[in-house]
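Worksheet for the structure shown next.
Chain naming follows the written order as A, B, C, D and E, and within any one chain the residues start at number 1.
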């Protein structure tokens, strides 16, 4: 297992380098320009100067190498310095990855965004799972029952209705008509009392619902399929022959086996939490990582987009590995070596 | 092998000609959801294909003085904020949306199956192809889409005209970014099939690799591919609507259901009916296709087929 | 245990499959009854029907009674039946690979019925589990309790299955082709073990097999099934010395002779019956060399010939004549 | 139009009412909630050209003078507006001397001096700084502090309009003490300063979250002890215009929403909820069609879209251009896409009033017949497919603009109008970051203009049109030689126009300047090299509870937030 | 069996090892020695039975004989030609002469092809028959394996196990081979069907003069069909002898144990018979025991057995054994 993990990690390095280059090249080739969103009143010469000040004057390979150094050496060093409070030599000369739009270090902005993204998108993922697993279990156990039919129907609708529709719909109903929940998410809210806690709950309900609905739709399908696979296995018969109650048979024997593939699917989906939910974040102004990415793309904030997308790529590679390892841990039959 | 009482039922009617697909079809017909899905889907396809011959209003015609109408006799689904007839737009949008869905799915299946089969069958190519697949999975798609569309829009427009060009581009973009799962599934299936004795039998005869793939591997991976196919259409339709949301989709005078839904969302409170139609159409298609997929999967599953 | 007129059908796309068609047999305390038959003869379905272990639907137990300890298992509430399953009646299945839950260690799986039926504490259950593993001859029992099924070899896995089935000291052990998936030398080990356990524990055993050789070695009585019917029933010596049903005879004849002679094997023509239609004739008639008119019209009932020897056939193989003039 | 009037009246009434409330104590009105659907990414206007960033920082940083909502200049940190009359502007027009208010302090308590002003100029003029306001400092030779409260700006040429530096929110004064280590290439490294500048304005930064939200608290050192009325302010960003409008007009969560580019029927419906009102004001923005006078045929390769590539196959015919303009019903475009935010216009220079020409107003009414006749007479005959052609050249137009739903609506309407005069149109929309970006490698920029018609809005800062009208001189034609930099998109070139432009740069008299500007505007209009469509206003919404608010189209909308009350 | 017939196939030091990779760099750390040095020959027209328990490498050996696996070492002479060294093209030319019948009648037929197409596949690959000729040939093949030739358009799932196995045999016969490897052809069949298939195989052998390598774990069936029998244990042949000799007088202790483990369908014999019950399980072929491979389970093992690998030596009349103490 350890060997396997190390090997995979080792293999991840060239993969990530290739990915980083592709990302970099794609974004550099992309015909969008950070000065494109400036007002037209700014003359072209000034734009050119701005572009050079942003470092766009240098050739692509140099920019790539610079970015590599910033991302892989300067940023981690900076993070360590921040964490432990001591400084490596030459800390002053180290440049970090700096955004075109904010002119501030990209990483700081990303870190600032992390909490709300994790809260809202992460919670919706958790809620989605919590809804999906029982639905999937019951749907499979009572295959073709009315519960199964309704569950299938609802999850299909959840899958097919885009969040750019459900979000505004909820806002119109619950913010405008009923006035129950705020339509704008307050990212500065600090939860320090029961009142603010309640406020936090209220502002999270709608975005979490929208996303959880979508997530639950997909995971419940997986859960159902996996349960169906296992319900027809021989060991289920053995468990029944041992005189185990249906509850134990389903919730211990079958569920444990069925969860193995589902847990890996869930693990594979975790990077999407970090990539945020672009549309939902826009609609509710949660302003998490997804919103940061889309703003970056729209504003041609190349360092921001590069860093974010590369981080997602790292997460995807990492969680692919984690999913495999989790599979190995959950399923004693699998031993990687 | 003791409780095979069930499968011996297969030998029942040796007199009648029965094919595997015949069995699948018979099973599929038993699946209520699948049949209902097929009926709904076919109805939508027929309406979308033949509707414009009956409802002959030009979907692009702007009748600004009749904007934001509710359903009327002349405009069964009302009009939008520029006075375009919604029904005509739904019909026109449906043609494009369905065509995109089906073709993009086709492309992603062809790619996915090809990569999956080759990776599964040729051990030497497995590593590189699977790493490529991982790479595609790990690549951030949004910027990639942006770049592909920027880079290839003009040449394609030159070659095939503005509508066909962007259509091909979008089909291509959705196809190229959605084949990875199919490839993984197919590869897994091929790895298992490769160990099956009939493939060994083919080798013992001396059948060449590509012939073996075509004759023995390919027909047997069709069932997972069919299931991915049904899901693929739904996925492509939803991806197209997301592209419209991001402003990367078709030109604005080229309606698709995704775009109609997105445009209608802002008018949700003014003319609610405007969001209902495209929303219902997308949901209906995705639902019906998923039910068809369920039906196909159940029909292809030998365990269930036995029952 | 007394089984009368058990019928089980499956509802499939192709119509109703009559898997078990009115089977009756009884099992005495401490004896070993073998049920012999080919695939599709209904022997496994019969045993599963006894404790309602078949998935319902598609299966349906159409009729019959299974009297055990004075109660009809088929009429019992599920809760009560659960007490019997694993508690009074233990089950061993054919494929030890798939019959054990792959994600739980064997200790858990042995201890489960102990806790459920005997109400043992975790500690007691563990102690008992070790005893059980030792009983079925697994070396290093205490250490292997935490191992997972895949870490055992096929034979060892089947021993674990036996340990689970024996966990609560059942009165009856139903073994569904327990050695079919095993190699001969391992099969020999398991057979030795069973013989040994019978001596020690004295429970009654129903042994399902298709191997006449295995049945010969361990049985007290044998039931031969074909097409969902019992076609012959006899004490073990009687059956092999004096098979009365043409099917039993043919089955014995197909086995290669011990001296490996050059002569051709005797084979039974045709294929096993399909069970799609409710049987109206003798199921073996199409393959039977003695079949005559009546066989195609009427299905013979099981009838006692002498002592403990029943057969269901219109033809008297010993006299080479129809059994009853009709 | 009637609606607009009522709006204006309502605004006026509100400000009357607010005048009394303005006497309230500092901080008595609680929190001011502002929503911008584009989030602010930085609070240093020199490093960002984004309106959102400039507006957000205008609550903190102040220039020497601001523009009032009526377009007049108003001293902010200066004692008065320097003019030739009061001696502040030198007679040779080559320098301007600002007298600073005394007793002004930065929010950290330190004194505001002329050195800060000088420093701000040096900061922006640093060649490696990439300052966005560099054009404000065009032709500035030096800025010097004559004493602690006097600053002189010296120009290298005569500047008839010397109010570039330090006027308007785009070129405020920053604190030397805070920014002195952030000059030039180091500018981006000073995140702390860029995210939390110390200013003289009514608020100071409490917390800055890039691209998300800014919280402010009232500046306790602000020069007017009663201002601002609000103790705190929140500047929330993100989302889209419609939902921003909703949060002010329907849910009342916010007090002020900016730039509501939303279809008019949606806005009026939201307004009906009664929580707030929609206000609009008109600056100099004109949505217009640019006509490509050179040939954009891809077959030309490198010569595509350049003067060298030859004239456009059909748009070089003025009759075609005129017919295109005649065929457009501008009022429909306004009604469909702009509502209160738009007015029909026939000028590329529609405001301020003294510069607005009335010579071209005929275009306000659509005249399909005249357009058809014009084309018929010019020999463009309709073919079998209903499309006009002459000598094998079909009137088939590729019409591009940036991606934006209102623009796409306008495109569709115009396409249909043109089809009535036998012109075929293909629509294309391009992401704004690409369209307005200067990426040399992209064929889709508005400067390369590889299309027949393109549409966008342009305007100018402040109230002086000199530089703006200078956009259409010959030397401004984009071409590969100047890396496609240049603002003369139609590739219009006229000696007469160039001469007028030069003359204007030498003229100080406002009346003369106005006459010249009108003449230049009329030349462009009568040549139909640009087809103006809509005079676009700013549309914002504010809560009914907010008082003393007036929408300011000439400067930051928040430039006078210190006067707002509840 | 012709008395002194020529040798058709000869395996010499046949080895098939499957590498095991491990560690971070996937270095080969060992190998599963599935087949580890087999020596035997099969005479034309003879049936050699190859018996052993699951995992002993008998199927691997059978497949290696047709070079469906690449050999690690050794050679296979087919009519004097070493097929282990042939290139792809030559191998393809020789394929029609050697065919295989598989264990699982379910898995060895492509479920998506009709019976006619399955049987015709070798004809398409190796002959230039017209499709009509192919049809005829397929029909005659079906007849020759005792099936109704009208079944050509059916799919495999419509047939019972025995019928499927006949189809598999028909496919193997299509190119009229000389040598057929029968890989447990009856293991998955019901008792009553097994006899049918075995009879068929024998009939065909007589008719076409075929040579069989008959792989099975069923000792009594092998006794019936084979002329000589080889017993495999853990990748090696431990004993090879004419069947009468092997069954009557087994030399190797493993053979003895194996024979005694087979239950006899006669209760009286069973009651009196003494069983040699082997203890424990077969060791892993990745890590076979030192010395004699059977030493860990051998009831009569002595010290030497744990150290020295026994020699493959001739014993009795035409028999071979690998045991230090066999006499």
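What we mean here is this: a residue touches a chain if its C-beta (ideal position, glycine included) is under 8 Å from a C-beta of that chain, and two chains touch if they have at least 3 such contacts.
Computed from a prediction, not measured in an experiment: that's the story for all the values here.
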A correct list of chains touching both subunit B and subunit C reads A, E
Contacting subunit A as well as subunit D are chains B
Looking at Cα centroids only, farthest away from subunit C lies chain D
In whole angstrom, the CA-centroid distance of subunit A from subunit B equals 25
Chain centres from averaged Cα atoms put subunit D and subunit E apart, in whole Å, by 88
Between the Cα centroids of subunit A and subunit E the separation in whole angstrom comes to 55
Residues of subunit C that touch two or more other chains sit at 39, 48, 210, 271-272
Multi-partner residues in subunit B (2 or more other chains touched) are 1, 8, 11, 146, 150, 266, 269
In subunit A, the residues touching two or more other chains are 29, 31-32, 168, 176, 232, 297
Subunit B residues touching subunit A in their complex are 33, 131, 134-135, 137-140, 142-144, 146-147, 150-151, 234, 238, 241-242, 245-246, 258, 261-262, 265-266, 268-269, 275, 279, 282-283, 285-287, 290-291, 294, 303
Touching subunit D in the complex, subunit B uses residues 60-62, 64, 67-68, 81-82, 146, 150, 154, 158, 162, 247-248, 251-253, 263, 266-267, 269-270
Listed in rising order, subunit E residues that touch subunit B in their complex are 63, 66, 68, 91-92, 95-96, 98-100, 102-104, 107-113, 121-122, 125-126, 153-155, 157-160, 168, 171, 175, 188
Residue set of subunit A touching subunit D in the complex reads 29, 31-54, 95, 98-99, 101-105, 108-109, 112-113, 168, 171, 175-176, 179, 182-184, 186-188, 281-285, 287, 291-292, 295, 297-300
Per the touch rule above, subunit D residues touching subunit B in the complex are 242, 262-263, 265-266, 269-270, 298, 332, 335-336, 403, 405, 408-409, 411-413, 415-416, 426-429, 431, 434, 442-444
